[in-house]
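Both complexes shown next keep chain A, but they swap its partner, so chain B is in the first and chain C is in the second.
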Partner chain A sequence: MNRSKLLAALALASGFVVQSAQAEDLTLEFVVWNYSLETIQDNVKQFEQANPGIKVKVTDYAWPDYHDSLVLRIRGNTPTDVIYGGQDWLPAWGAAGFIAPLDSVAPKGTIEELSKDIAGFALTDVTYDGKVYGLPYYSDTISFIYNKKILDDAGIAVPTTWEEVTAAAEKLKAGGMDKPIIYEYNQELPNFYDAFVAQSYGRGADLFDAELNPLFADPSNGAYKQLQWIADAYSKGLVQSDNHESTIITAMNTGKHAFTIVYTYVLAALNDAATQPLAGQFALAPMPGETHATLGFAKSYVVTAKAAADPVRAEAAWKFVNFMAGKPYTVAKRWAVEKGLGFGQLPLFEDKDVIAAWSKWADVGALGKQASIAKAGTYTEYSSVWSAYFRPLLAQAMVGEAPVDQVMKDGAQRWTELKEQFANR
Partner chain B sequence: MWTSNRFPALWLLPALLPVILMTVYPIGHALWTSLHEVMILFPGEPFVGLKNYQRVVASNYFGDALRNSLVFTLIAAPSVVILGTLIALFLRRRFFGCEVVRSVVLLPWVLPGAISAVLWVWVFHPSFGILNGILRDLGLIDTSVPWLTNPQTALLAVAAAHVWTQIPFAVILLMAALSAINAETLEAAAIDCRNPAKRFRYIVFPEIKAMIVLLLVYNALTAFTSYDLVYAMTGGGPGTATTLLSFQIWRESFSMYDFGAGSAVAFIVVVISAVLIAAITKTLPSDLFGSS
Partner chain C sequence: MPGRLHPILTFTFAALILLFTGGPVLLSLYGSLVPDRVLLSPDRSILTEGPNFESYRYVFTGQLPDSYLQESANRAMISDAARQVPGALVNSSVNALAAMILNLILGAPAAFVFARYLFPGKKLSFLYLILSPLVPAVALVTPIYMMLEWLGLVGTQIGIILVHTARALPFTVLILSVFFRKIPTEVFEAAELDHCSRFQAFWRIALPLALPSVGATGLFAFMLSYSEYMFAMILSGDAGTRPVSVVMAALARNTDVSWSLLNTGIFIAIVPTLVLVVLVWRFVVEGLIGSAVKG
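== the complex of A and B ==
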């Protein structure tokens, strides 16, 4: 064989080797909602560099379409390996066999070890039927946010109860502010129900007992009182509805509203000096009410049952989830520092970079205090179905289209029906 | 000898197969689903007959959703056709910048529904929306109107946005119909009749009637099955103020995880749509669906 033939043979052989290696690359299908897609893509790129042989294809949907699109993907057998999970959907997905417990893909003992670092409410949100199904992508609370300057100028103290919120809003209205409260009002978004639960928690209410019986139809329950409070505030002309947090940010920055109740990360956007004219004027106060508790929740990285059933894909999926949410929590820290997203991994509360970044838009002490008294929501296999039924009723009661008493009774009855239906399935 | 007459079914197969795959099978599957209990949370898919239909018709939203859908259709479809006709008649004239105006009129048509929704949410916004700003400047209102969250105004506001998105298509088709009218006929009419309204009624309208009927049918169907704008602008609320039947197909299937009930609503929408088409074509007879 002459030299040229030898070189040609070597080139051919190396081509086969490269092709063979490429053929062995495994591609994970990662499905997300499209919040900060460029950051997601960059995190994925870093994972791929650290894990040769594993590629990750990101598919994104808008947040309002995410849940439906994902259900359709899984029911339609579209390849899907790792997904963003929500605390309200997780039990239903678990019951439907869409997703797998992380213990089934992670090395023995790993999940137990990681769970020790996860905040209580966040761990509750990623657990179904006693098993951990996800690791937190981010974890946040719902906050009562006010405009410091407006309150200072009007000589109003930060309200600590809902009655004080009414009094402050009435004083501002008398002073010329048409709608002092701006309220995220979109009955199709889970946020709408979450915000209501957070306010009820502020009053110290539980919406369900330990046996999952509804308590909120009792007029002495804090949730009942809170719905009545919202309806009264609307009837007094104190509240302006807004159907999305993105427009609440702009509206609060017009200086025409003093109070709102939104996810805490919205505070970072409200106080973003680069984009908002009134940045720096906004602060969070403890949720009004007797206990000041609020709702805490976690969105998570979850592995599908189909991926878990294939040992090779399961191993790759676990590596990916562990990279995104496991120790040393680099990706969770990045979200916190760059985007102001909360986290479920407790060690990050002591991270200097996180504290420095968050100090720019919030009182970190107040934030930590709120997180420490935050409570998880009640999520069952049927709670998202029930929530979809209950949210329009809540919306009607708030604007006076339906009596509070009837709405609470209807909601409790539907919950009980679903509970029995699910128990008898 | 091979001719296409010898094996008609075989020759039709390439055209029939996609129709069967893309239309007949999905419709058949949806019908099957509507007659079974198909809930993600519960195992099995037992046959339940017409139970899904009974349940959705007896549900607390059905009456409101049906009424809203019919009102929405009655507002939107004629508005699109009337405004589209007026704009098409205007745009046929030659004036300075007419080409630019014609292009701008088409703009809403090329915008995706979600973008149109965001745009209109900003127009109607009580804190910084342009509509409230104009009305305040004109002294017509003292305080902002919450167009999208007030049960009395929400449906009208969504209908206005829907009409805006549909007008360009109507304008294009009507301009095409208008340009097909014989120029000499129009010239003779202009000499014989000085009244433009009468000229439109007796000369122009009969010539474009088939197109108007077509647009009425198309817009009635588009409005009756409208989903994206409502979802993005109001989420069907407040309460059931903007809940449309087509929206309930999505809610039953994806919010309630009940695909059987969702399919039942879909078939009810299909039946009502068929009745609408029949009603329009009977009320406004034209040669549009006439036998050749």
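== the complex of A and C ==
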């Protein structure tokens, strides 16, 4: 009798344990770089309110430490479910099995449906091996930016080709402006290569063919011509080097430079009435060249392979990603309106709140047009290794310390070597 | 007087030292007291506009500076990482205090044993302890992370405190063992005659005699922990556990921080550190030098 009472008590107790475990919230581990953490936390709070039973714990790292810290987390089996992904990291993470295609966690057909709204370059950036791994958190393009007042005062039309940029810069120089172009010249930064690719795209160039063979060593290729153009501009004394976009903002606001080529979000900072003395004088023009295309990129919400392997976590992770980047794009819109962040979801270019917010610092129509013709970069498992090799060569060629043809040949050769190495792994 | 530097040279050197040490502090103070528009304008300055404390108000209360509320203001440049600075100062102080106490609890007895007793493997273990700081910290990041993850301590202050304690312990043992070695043997022999145990000899005789050095090494451990970045960065999970070194790195390296806010963060972060250093540095130096010359 006592034994049966004991068993009954144990069964009852185990029932409580099971029930309380079931009632316990599932906690997703969300890892981000720490841009605007309060907004992230507030978005998370709204998600939790809309999805009872799911909690989200946010862990953040500074941007420069993010990639290495995240790889350490995943290698160290630290619970990690949803992460911020970058276009240049995605192929390596996908190949390493760190992340899962969104099709494996989302209801059938959803990703295909959402993909229709995503700008072409952003969709390419979140795709690896034919599968979509992320939905855009933030997307942007590289823009050709000019000072409207300086050009108006000098009677110069907005240049549409690189030759016209040279002519405008020479005219301004003759009028007393020492260095009309300011250029982010820092071989340590990926931006340095990205800006070069954007300019090459403006000429209609492709740097690689469909089989990932390099094309840029051919003198008729737009990238080759563009590197020659930059080297010429430097040799004519038209270009001021600057180490970082943040200081380009202050330099452009001195009125001593008329042109620069930077990420579009810099335009928001240039025209920031809260901080900049010449706010309102800056505008973007289509990237000079025959096609006016430019480089676009996307950062995204990505689900880890570990989360995708657990059906309960996978479902929760998808709900979270869909809340942050899916229709009706409430969170993406919030980032755009409150913080001026770019987006990959094209319908937002027609949203009246976005237009009202962005019109304060940019021509939204021109931005939308630029996004629609922007092209993604070429990212492979080895592209970051190659970029680190190529950037110093590029830097030397720009300032005349190395011949353009040799730099392009060396860059192409190194790419081909890496491609073969990684194919044989 | 022969051998004495000319007063003008002395003054010049002193001025240069002051310029390079105090200059950045004053610049950060200035940068924190004017909005970016004034800071970046050649025509305006704190003299024409007066000091502005809105960045400080934002850091401590979250209320946006007025300049960010106007039309066409870009709020992308108002980083909330700056708001983590006050909390991070508390976290750093807790970490450093705990690392200091643990260092003394573990390091002082170890140093005493190394200094006064013979035991098998003494030389080898002492060498191991003393040479271990020569291993580059970056080489230890992954194994330490894995170990702490296994222990469930990643993202906790305890994890950071343990690592900081381990990083400072070799110095504590080395410095204190040098001091303990210099206490005359006769003192301990007399204690033995009075039936003092080994622990009593350590607790009642060695430790009181070594107090200045113990204080100095403790403060040294405190400062090592307070300024450490790499392990704090990978082991602190969120703002609740993040020390000031990590928050300052985020402020200095993220692109979403205005100059005024960055300077405010820097100034708030360095002032307590400066006060602490000014107050205790003399004791640290005297304690360390004392351990080297006494005996």
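Heads up, the rule we're going with is that the second predicted complex is superposed on the first by the 402 of 425 C-alpha atoms of A that agree within 3 Å, B and C clash if a C-alpha of one lies under 4 Å from a C-alpha of the other, contacts with A are read in each partner's own complex, and residues count from 1 in each chain.
Heads up, the rule we're going with is that contacts are C-beta pairs under 8 Å (C-beta built on N, C-alpha and C of every residue); 3 or more make two chains touch, one makes a residue touch a chain.
Quick caveat: nothing in here was measured; it's all calculated off a predicted structure.
S.K.: Now for A:256: first (chain B), second (chain C), both, or neither, which partner does it touch?
M.R.: Only chain B is touched by A:256; chain C is not.
S.K.: Thinking of the overlay built on chain A, is A:373 touched by chain B (first), by chain C (second), by both, or by neither?
M.R.: Touch partners of A:373: none, neither chain B nor chain C.
S.K.: Looking at the overlay, does A:64 come into contact with chain B only (first), chain C only (second), both, or neither?
M.R.: It touches chain B and chain C both.
S.K.: Per the contact definition in the header, classify A:35: touching chain B only (first), chain C only (second), both, or neither.
M.R.: In the superposed model, A:35 contacts chain C only, not chain B.
S.K.: Using the touch definition from the top, say if A:265 reaches chain B (first), chain C (second), both or neither.
M.R.: The answer is second: A:265 touches chain C but not chain B.
S.K.: Now for A:382: first (chain B), second (chain C), both, or neither, which partner does it touch?
M.R.: first
S.K.: In the overlaid three-chain picture, which partner chain does A:279 touch, first (chain B) or second (chain C), both, or neither?
M.R.: A:279 sits against chain C, while chain B stays out of touch.
S.K.: Quick check for you: in the superposed arrangement, does A:245 touch first (chain B), second (chain C), both or neither?
M.R.: The second partner, chain C, only.
S.K.: Shared contact residues on chain A for chain B and chain C?
M.R.: Looking at chain A, the two contact sets intersect at 62, 64, 75, 250, 254.
S.K.: Show which residues of chain B lie in contact with chain A when the two form their complex.
M.R.: 40-43, 61, 114, 121-122, 125-128, 143-144, 146, 148-151, 231-241, 243, 250-251, 253-257
S.K.: If we count contacts the way the header does, which residues on chain A are in touch with chain C in the complex?
M.R.: Where chain A meets chain C, its residues are 34-39, 57-65, 69, 72, 75-78, 245-246, 250, 253-254, 265, 268-269, 271-277, 279-280, 338-341, 360-361.
S.K.: Would you tell me which residues of chain C are touching chain A in their complex?
M.R.: 35-37, 40-42, 65, 67-68, 70-77, 79-81, 83, 141-142, 145-146, 149, 154-155, 233-234, 237-239, 246, 249-250, 253-256, 258-260
S.K.: Given the complex with chain B, which residues does chain A contribute to the contact?
M.R.: 62, 64, 67-68, 71, 75, 92, 95-96, 178-179, 182, 185-189, 240-244, 247, 250-251, 254, 256-257, 381-382, 384-385, 388-389, 392-393, 395-396, 398-399, 401-402, 421-422, 425
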